[in-house]
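You will see subunit A twice below: alongside subunit B first, and alongside subunit C after that.
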Partner chain A sequence: MTERKPILRVKDLKVYYHTDRGSVRAVDGVSFTMHEGESFGIVGESGCGKSTMAMALLGLVVSPGTIEGGQIFLDGTDIFTLDRELIRKIRWSQISFIPQGAMNSLNPVMRIGSQIADVITTHQGYQPEKILRKRIQKLLSTVGLPHRVYRMYPHELSGGMKQRVCIAMAIVLEPEVIIADEPTSALDVVVQRVVMQTLVDVQERLGAALILIGHDMGLQAQVVNRQAVMYAGKIAEIGEVKTMYKNPLHPYTKLLIESLPTLQLRHDFQGIPGLPPSLLNPPKGCAFSNRCPYVMEHCREAMPKLVEIQPNHFVACHLHSEVIK
Partner chain B sequence: MWLYLRYVFGRFAIFIITIFIAITIVFIVPRFVPGDPLFAVTSKLAEMGGSRGSPELVEEYRKLFGLDQPVLTQYLYYLKELSKGNLGYSIANFPATVTELLMRSLPWTIGLLSVATVISWLIGTFIGAISGWGGKESKISKVLVPLALGLYTIPYYILAIILIFLFVYVWGIFPISGGYTPGFPIKFSLPFVLDVIKHSILPALSIILISLGWWFLSMRSMIVLLQGEDYILLAQAKGLSDRRILWRYAFRNALLPQVSGLAISLAHIVGGAIILEKIFAYPGVGWLLYNSITELDFPTIQGGVLVVIIALTAANFILDLIYPLIDPRIKYKRG
Partner chain C sequence: MNVQKEAQTNILSQTQALLLEVCNLTKVFGSGLLQRGQKVALENFSMSIQGSPPKIISIAGESGSGKTTLARLILGFLIPTQGEVRYRGKDLKTMDKKSWQTFRREVQAIFQDPYGVYNPFYPVDRVFEIVIRKFHLAKNRQESHRITEEALVIVGLRPDEILGKYPHQLSGGQRQRLMLARAFLLKPKIIIADEPVSMIDASMRAIILKIMIDLKENFGISFLYITHDLSTAFQVSDDIIILYEGWVAESGDAQIVIKGPKHPYVQLLVESIPIPDPEQPWQGRVELPPEEELEMNTLRGCKFYRRCPYKMEMCLKSPPPLYNIGPDHLASCYLYKGREVDKDT
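Then we have the complex of A and B:
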């Protein structure tokens, strides 16, 4: 991979939800860097903080959630230092979002055309309807939708079509970063593939950086260059997909990859026994220690740090930090 | 467009069927009431010192009202007369027909109630939306929510009495009762219109203030609920201004139950207006119905009930026509 300009840099991001029972550490010290045009995957099971992180990147953390610390640099600007109005201007024009449930993400009482036009007129000012329509219809064709969708309501579209509308909407202002939060989880596998292909095509044409959030490692592996594995609000491992699949360093990554079905190998699939720890009272040591088959005494005592073991391959695990010592 | 026409046609059929059933019930119910209507009338005449009349005379009247005919014939006759707008004679105000009485009182009720309801709905809905959008912490919510809760729990006739006490006895700003100053020439002129407005302010105010609390609270809770919706979140991610998200995304969707609420509340208000019009001696349908019930004026009660039913059904029909314009999903679901 050639070295490209970093477009998004997350440094020690902490997002907590303050509840009556204490603080839920949904995102707890996450750092990563993304480069221009790169596609970057974030995988993890439900509740590991991946969607919360997407919200933080959009500056959309709402009460009871708060940003407890860290910085997010988008094209060199720390977005937490910006005021509301400036963040609002950055949203969509520089960083856009494809939501998890496209089913409910479109306003049911507005035509598709108007919902996309809203973005254009908000960020680029008033434009006559005729120009807007041409532009939006052209956009709809790029994601494989017919022109008539412009005048249709969300309930007249299938799930896959709605997801395409969301993709079209995400690229209308040609942003530098697109965050896709499980964009295909609500679709069946056939449509899933087609929609994912559409997403990758438009991303490549635009040269935008793509953050693909999901729980399906297999699906991500086909699409992204680099991947981060998240567990209990922290990053367990980051690396290039190829290296990570060949040589997973973190036991969690290893178990996740082993749980994927393959055509060659037919065996009884092993899940990972146990559940992630409560983010309300995270354990003192490694969050994975209670499920880890390689757990050591030390793991329950001290939190492992994210260390670069090989070039561009980071892991947070005591098994590997000892190697370095 | 074709779908919309099919929807309208379906709604219209339901409208006609409802009215037909209502008409039939209004015909049947009094005939289950024990006793003889003519006996009731002649007894009343006798009480007032007149003669009860000979059996021949009663028989003559029985023929005149068609009561000697079989029920089916009576029913067909009733439908025929109804189609001509003939609701029969009032017993209490004999030479006057029921239609005349209703025509005289309907404009008062429709004018007062529709204006009051719409004003209250509009204000409550808009303030509720703004307050709900601001969230629990906003200053207007902190003041308006307890106020609305307080207003909403007061029965409107109590509020009406309080209003009369304050505005009539203490400050003497508004007239105590009636629809206009007695003796004023009833014609469409500016002084008369002003006089009517002056008389309608207190009854209207008691309706507006009470129902305002409800409209405010329901719209507010709807908006608060919608703030968690995915399409609101996406609208925020799109970088739209708060104002645009509120009016084009949240408000438009919160409006749907609010419009249904308007239809339902029309029913409640028409029923409840009997007490209100009694308190203010307001010359509307409620006042007419109140008087005819105390005087057992059956034709007028029937006519009044019929008009109320038709008005309500028509209101619902009109709202049904409006629904698809605010919610595009409806014509498919209910068409």
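Then we have the complex of A and C:
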């Protein structure tokens, strides 16, 4: 593989929510690097901090959440050093977002065309309607929608079509990074496949990097090249999907893959008993220690560090750090 | 062996009345004045649940296929436009009060949203107290407490961790298991589970589905498992019925149908399930012509015509009937016309 330019670098990011009962450590020291045109997945259970992560990348963390530390470099610039106006400019033109519930993110009383036109004129200034319409209609056809969608309202479209409108909106300014937060969780499998197909097509055409956030290990395996598994605000394992699915190193990753029902054998799936720890008072040791089948005494005492076990394959687990020693 | 067993159950079912029977059920939503405003949610649907041996029957289909409408019709929340739902031989519409009470007790429901079913102002114990009072399940407080704890243990919850808590203090998986415990308390014959795991984390899904299997095998409770997820349906169900736009596309033994789907729609559905293995990517591309997505409900013939790779002229004329293509295996597709299997073989 050729070495590609890093486009997004996250260094020791910490996002906490301050509540009356203390600070919730939603993202607690996450680091990763993404390269140009790469598809990168972030998976984890609900409440593991994956959506907070997306908000931080977009510079959209709002009270009671605060960035407690770390840096995010987008194409070399640390976005936390920029003022709000500059972040607004970067958002969408360099890093854009496809939300989870497309049905709720479109304005119900505006035609699709004018909603997309809004994005263009906000960033690029006034353009005559005729030119805008041509551009938007061309955009709609790249995501597989007919031209007349331009004049339609969101309620006239199906869920899959609305999700494709959101994809169109995310790519209109040709960003370098697209973040998709569970873009298909509300759709049926066939429509999910079509929407993902569309997303991957436009990503490849633009050469943009894609961050796919989700909890479906099956979908991740189909779409991304590399993924990070998040647990309780931290990265448990990060690596190429090809090696990770064949040989998951972290017990949590292994259990997540095993919890998926397959079509080969019946009754052959296991849940993960127990619950993730509260992020208010995270345990002293490994956050997964209370659910881990391989737990050792050491795990409850010391937090494992993320170490590179194989080339480009990192894991935070004492089972493996001992091997290295 | 299997044949013998089947023959036995056949004899049994003839002597015993069917537990639940759904005959030619049709539900049309919308005003009758303007034909255009109408939406046929379910058309001419029939099925039955024998109750013994208990079975998990899946109703699968995409959104808008009529699966939730079916659940609501069976529960008596909706009145059918045509056809009837019978419980223990009696039509829901004309049932007397006593039979209705039995029906309400023996047919329980679990819904998709484990957040919406609780009143946030009361501890979760209340859902148990209400059913115990309503159905006179306990003579005194001690007994009521005992059966509640018993039910919680059955679904794998620790009573001391759950009782006295408010809904917001519990996770989605815990709340959904509470609903199963509540249903279990009533010793139902059938539980209608409408997408019980779709809002639950993958790690928890397996646990809830295992409870369903446990309740079936050890307590003789049948399930109507309504889902859009074929892989969980494959894992837990004995039989499966796949709906498309209010019609049955294919039905039969869950293993046989999902491992060797016959209807073109079911084939597409099975192929589209993302496999958690990067070495097994989706094969080929699926195109949904957008024009067709917008005008689905305007066809007289087969509802799947526009998306079907094998479309023929006759598909447009009238909807295909259900052809018998194997033991208890039906598919509504003209591809199997003239290739039916005799029912008795």
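The definition used in the following text is that the second predicted complex is superposed on the first by the 318 of 325 C-alpha atoms of A that agree within 3 Å, B and C clash if a C-alpha of one lies under 4 Å from a C-alpha of the other, contacts with A are read in each partner's own complex, and residues count from 1 in each chain.
Convention: contacts are C-beta pairs under 8 Å (C-beta built on N, C-alpha and C of every residue); 3 or more make two chains touch, one makes a residue touch a chain.
Everything numeric here is computed off the predicted structure, so don't read it as measured data.
Trainee: Superposed on subunit A, are subunit B and subunit C clashing or fitting side by side?
Mentor: fit
Trainee: So in the superposed three-chain picture, is A:Met161 touching just subunit B, just subunit C, both, or none of them (first/second/both/neither)?
Mentor: The answer is second: A:Met161 touches subunit C but not subunit B.
Trainee: A:Ala228 in the overlay: touching subunit B, subunit C, both, or neither? Say first, second, both or neither.
Mentor: Neither partner.
Trainee: Between subunit B (first) and subunit C (second), which, if any, makes contact with A:Ala209: first, second, both or neither?
Mentor: The answer is neither, since A:Ala209 touches no partner chain.
Trainee: Give the label of whichever partner, subunit B or subunit C, reaches more residues of subunit A.
Mentor: C
Trainee: Going by the contact rule set out at the top, does A:Trp92 touch subunit B (first), subunit C (second), both, or neither?
Mentor: The answer is first: A:Trp92 touches subunit B but not subunit C.
Trainee: Looking at A:Leu60 after the superposition, I want to know if it touches subunit B, subunit C, both of them or none. Which is it: first, second, both, neither?
Mentor: A:Leu60 contacts subunit B only, not subunit C.
Trainee: Once chain A of both complexes is superposed, is A:Asn107 in touch with subunit B (first), subunit C (second), both, or neither?
Mentor: After superposition on chain A, A:Asn107 lies in contact with subunit B alone.
Trainee: Let me test your reading of the model: by the given contact rule, A:Val30 touches which partner, first (subunit B), second (subunit C), both or neither?
Mentor: Once the two structures are laid over each other on A, A:Val30 reaches no partner at all.
Trainee: What angle, rounded to a multiple of 10°, is defined by the Cα centres of subunit B, subunit A and subunit C, with the middle one as vertex?
Mentor: It works out to roughly 70 degrees.
Trainee: So after superposition, what is the minimum Cα distance from subunit B to subunit C, given in Å?
Mentor: 10
Trainee: Of all the subunit A residues, which ones make contact with subunit B and with subunit C?
Mentor: The answer is that subunit A has no such residue.
Trainee: Provide the residue numbers of subunit A that touch subunit C in the complex, in ascending order.
Mentor: 45-46, 144-146, 149, 156, 158-161, 188-194, 197, 215-219, 221-222, 241-242, 245, 255-257, 259-263, 266-273, 275
Trainee: Once bound in the complex, which stretches of subunit C touch subunit A?
Mentor: Subunit C reaches subunit A through residues 62-63, 171-173, 201-210, 213, 228-232, 234-235, 255, 258-259, 268-270, 272-279, 281-282, 285-288, 290-291, 293-294.
Trainee: Please output the residues of subunit A touching subunit B within their complex, sorted ascending.
Mentor: Per the stated touch rule, the residues are 58, 60, 88-93, 96-97, 99-101, 103-110, 118-119, 122-123, 153, 155, 166, 169.
Trainee: What does subunit B use to touch subunit A in their complex?
Mentor: Interface residues on subunit B, with respect to subunit A: 229-231, 233-241, 244, 248-249, 252-253, 256, 326-329, 332.
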